[in-house]
């Protein structure tokens, strides 16, 4: 990656260190930032001003052992020297009441991704105008990507049901 | 009104006698063979791509495996077509649509289940969002493969034509479940 | 006994019975329906590097494909949706087919041989052929389905866009020849066909003919990718067969008028055949009309579909001024006395 | 009621408020429709103007992320391939790259070249599929038949290379499954010359046909800064003037050793997107030509896995060029950790994020496909256009529902 890119990333890492709980450069093209839920919007708008103007993915990882759902925003940029880097914003949200502020004002293209995260993992994004089923049928209860939603594994004899 | 002599005396209400006349006309063998010949050569599938096998369904009507040679012309709405091709996985949401489309199609209709997913779930067999088509429609032919080659789809069409030619489709009860 | 058969034969061969029934009438339309749609599919297949209907009759190249389709349509269950109101829903296709065929009565096929010989056959034929859109709107309304209403509204827009240029172009030719009877127009084109005389009118007539029959690139009423089958979405079985036949019948009638007004009708008149039986002499008319039909069906494999407002703009801002120009052109021809 | 907003780029609250009322005509262009594909559009019209279009997807949601958590690592490759069956090497390459970063194994140079060749063949094949579908949306059946007919040539090339028409499952962690069959260069050269000639015919009958241009030009304009902020990907992004391509990151395949120029259009309307796809086919043909010339010799599976094979089997693999999977593939146990990979598919950039906890099955696999990224465009671009423009925009965006629903 270009020399200018490294300079930019290091300045960004230092800047984020003050706000976020933990910032580390996991790989050459990946910066992992752990943030508490309330400071998320502030850090996201800082990233947007630094050039990371859209989000590559919004995902929810269910961790039942630590009683927490980890919501991960991966921010990306298209301009010349920042294009190789992905900034990973991680926040932890309690599993029984997963609530978070929506980021569609900062990153407009997170609209459908947040809606899908609610649909599959069950994280409620406060302020999202259209939180309804996206991929699952409209009358579906429960959130399939949670670890307690068990799918029958590949048995040796797949029994014929129905 | 009981008729003393046997044979066909069409009196009584119009509706019932019209239906009897129609059935009498259809049952005559020359009319039935013409009807089978007509249906056999114009199997129009409805434009309803259910899943990723749709790419191979499109390749079947493409120039290399030209299915229009059999009179197989994908047509617009379920009303004018008589063949429903379930292409690949049938998710719950799509299954509702498929049942409605099957119900909308006029009577001499046939169903071909294309791809391993349409037979018994294929690679997605243990997914919670999958429905197995044999539970929904009376299926005439299954095409194995994921995705099946266009030759396999063409073979299914030819087999279906042979079945129609023999008139075997009339034996199966019309009101398949669903 | 023989006189009776002789009377029947003479009755059959007399113009008022033969014209509507056989030559320009029902039997020809049946032949046109069966062969034209098959020809269209074969031409489109040839352009698209494939075979088209083939296995139904290998040696004939799949010719009886349309007969198979017609039989299938005949034996398919006719579904009348509960929400549609039944009477107009069931009658409209039959009405469409009849209105598509009625103008055939006025089209002369040989000097002095037409269903009804009048001196106003051109405006009468055109006026009757413009009744068809009304039945299409009736179908759209009675089927009571969201897509058909969209189709009906589109048909209403399109009718006004192509009807006026069609009439003005045809009547400008009548003005040029000083007569409104198709027979005299054809008689006057012995040396110079109408298209050479007034190419503007020929172009405007042809394009608005395509718009009226809904052939590509003006396939907007039956926009199959946007509104499934336009006004004919809910029809199944023989009703859809009738409706599809009606649009081809209208195309056939308009192309017969087009050949008579612009391509010098039956003119290389085959005297020997004519002597045997008058309409046989008019074979050239049928051949020319069939070529015009084949070309308009060939356009299916060349063009996409215009947007509705673009097609209306073509109708209003290009075809209508052109047809007025054609009117002045033929006025000039009339004054100069070329004809 | 335009959705554009200076500060926020998109004012989602205004967009999400469905306009009700007397004169709104709501149409369900549903899963069964000649042109809707595997999804449903809920279109709200006011006269002929589209007031709001809501894509209702999820009809082909085969729950790949949940199934991936229940299967071993190697079994997920054919699973993720079913998301985009017409571009299968590119989508599996993303998963394999992420897995290789976890296992930190690097494919040998020859395998990287082979992966690039198959990726580009799939790109051409997928672009032709897109052009064909866009053509049938305008009822131009000739370009549909031509595109699907010419696509068969590339499918046959891919079949010779991998053995399957569509579902190749060609890239495996550490390399590829098959070596190049002999005589591949001549057949490719013939196919390339034929394709370049055919692209002129596509231009004459479809792209530069005045009738089709009237349907495409000025329709569905996506300006440059909106394309960036909305995260558009692939040809839709490059057609709006942004020179971004995941291949330029040099992270996978042999793209860093080949010179190729990423085409970019400026206008950003539907016509630019269609021209962009035709240009990208030409660039892909150029890439394959260079790759075939510069291809080094050598093994096609990483040394780390080759030495696990018994010696006699290893000889056969090196001689016949057909890889036999070493026993360890049955339950690969990558170290706990997370990796991210991005691969340029035909429709755009696919994004993978694998979280592993050391067990033979991944803890969580996140896949964001390019069509899912373009879904935002499908919601916003058709607003304030004519009803018939909806399909022109839908065709030009080249949106493939099974890939978006996963």
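Every chain is named by a letter (A, B, C and D) in the order it is written, and numbering of its residues begins at 1.
Heads up, the rule we're going with is that contacts are C-beta pairs under 8 Å (C-beta built on N, C-alpha and C of every residue); 3 or more make two chains touch, one makes a residue touch a chain.
Remember, it's a predicted structure, so these values are computed and weren't measured experimentally.
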Going by the stated contact rule, which chains contact chain A and chain C alike?
-> B, D
Select the chain at the greatest separation from chain B, using centres from the mean of Cα atoms.
-> A
Comparing A-B with B-C, the busier interface by C-beta pairs is B-C
Report, in whole Å, the distance between the mean C-alpha point of chain B and the mean C-alpha point of chain C.
-> 34
From the C-alpha centre of chain A to that of chain B, how far is it in Å?
-> 46
Between chain C and chain D, what's the gap in Å when you average each chain's C-alpha atoms?
-> 46
Hey, how far is the Cα centre of chain B from the one of chain D, in Å?
-> 33
Pull out every residue in chain A that's touching 2 or more other chains.
-> 136-137, 144, 149, 151, 153-154
Touching two or more other chains, which residues of chain B qualify?
-> 62-63, 76-77, 93, 126-129
Could you tell me which residues belong to chain D and also touch two or more other chains?
-> 33-34, 58, 61, 63, 66-67, 70, 145-146, 149
Pairs of chains in contact (touch as defined earlier), listed by label = A-B, A-D, B-C, B-D, C-D
Interface residues, chain D side, partner chain C - complex = 25-29, 33-35, 48, 135-142, 145-146, 149, 205-206, 209, 211-212, 214-215, 386-391
Residues of chain C touching chain D in their complex?
-> 44, 47-50, 146-147, 150, 216-217, 219-220, 223-226, 228, 300-310
Chain D - residues contacting chain B, complex | 30-34, 37-38, 58-63, 66-67, 70, 78-79, 82-86, 129, 132, 145-146, 148-149, 151-152, 155, 165-167, 402
Where on chain B is chain C touching in the complex?
-> 26, 34-35, 37-42, 62-63, 66, 68-71, 76-77, 79-80, 82, 104, 106-108
Contacting residues of chain B [partner chain A, same complex] | 92-93, 96, 120, 125-129, 132, 135
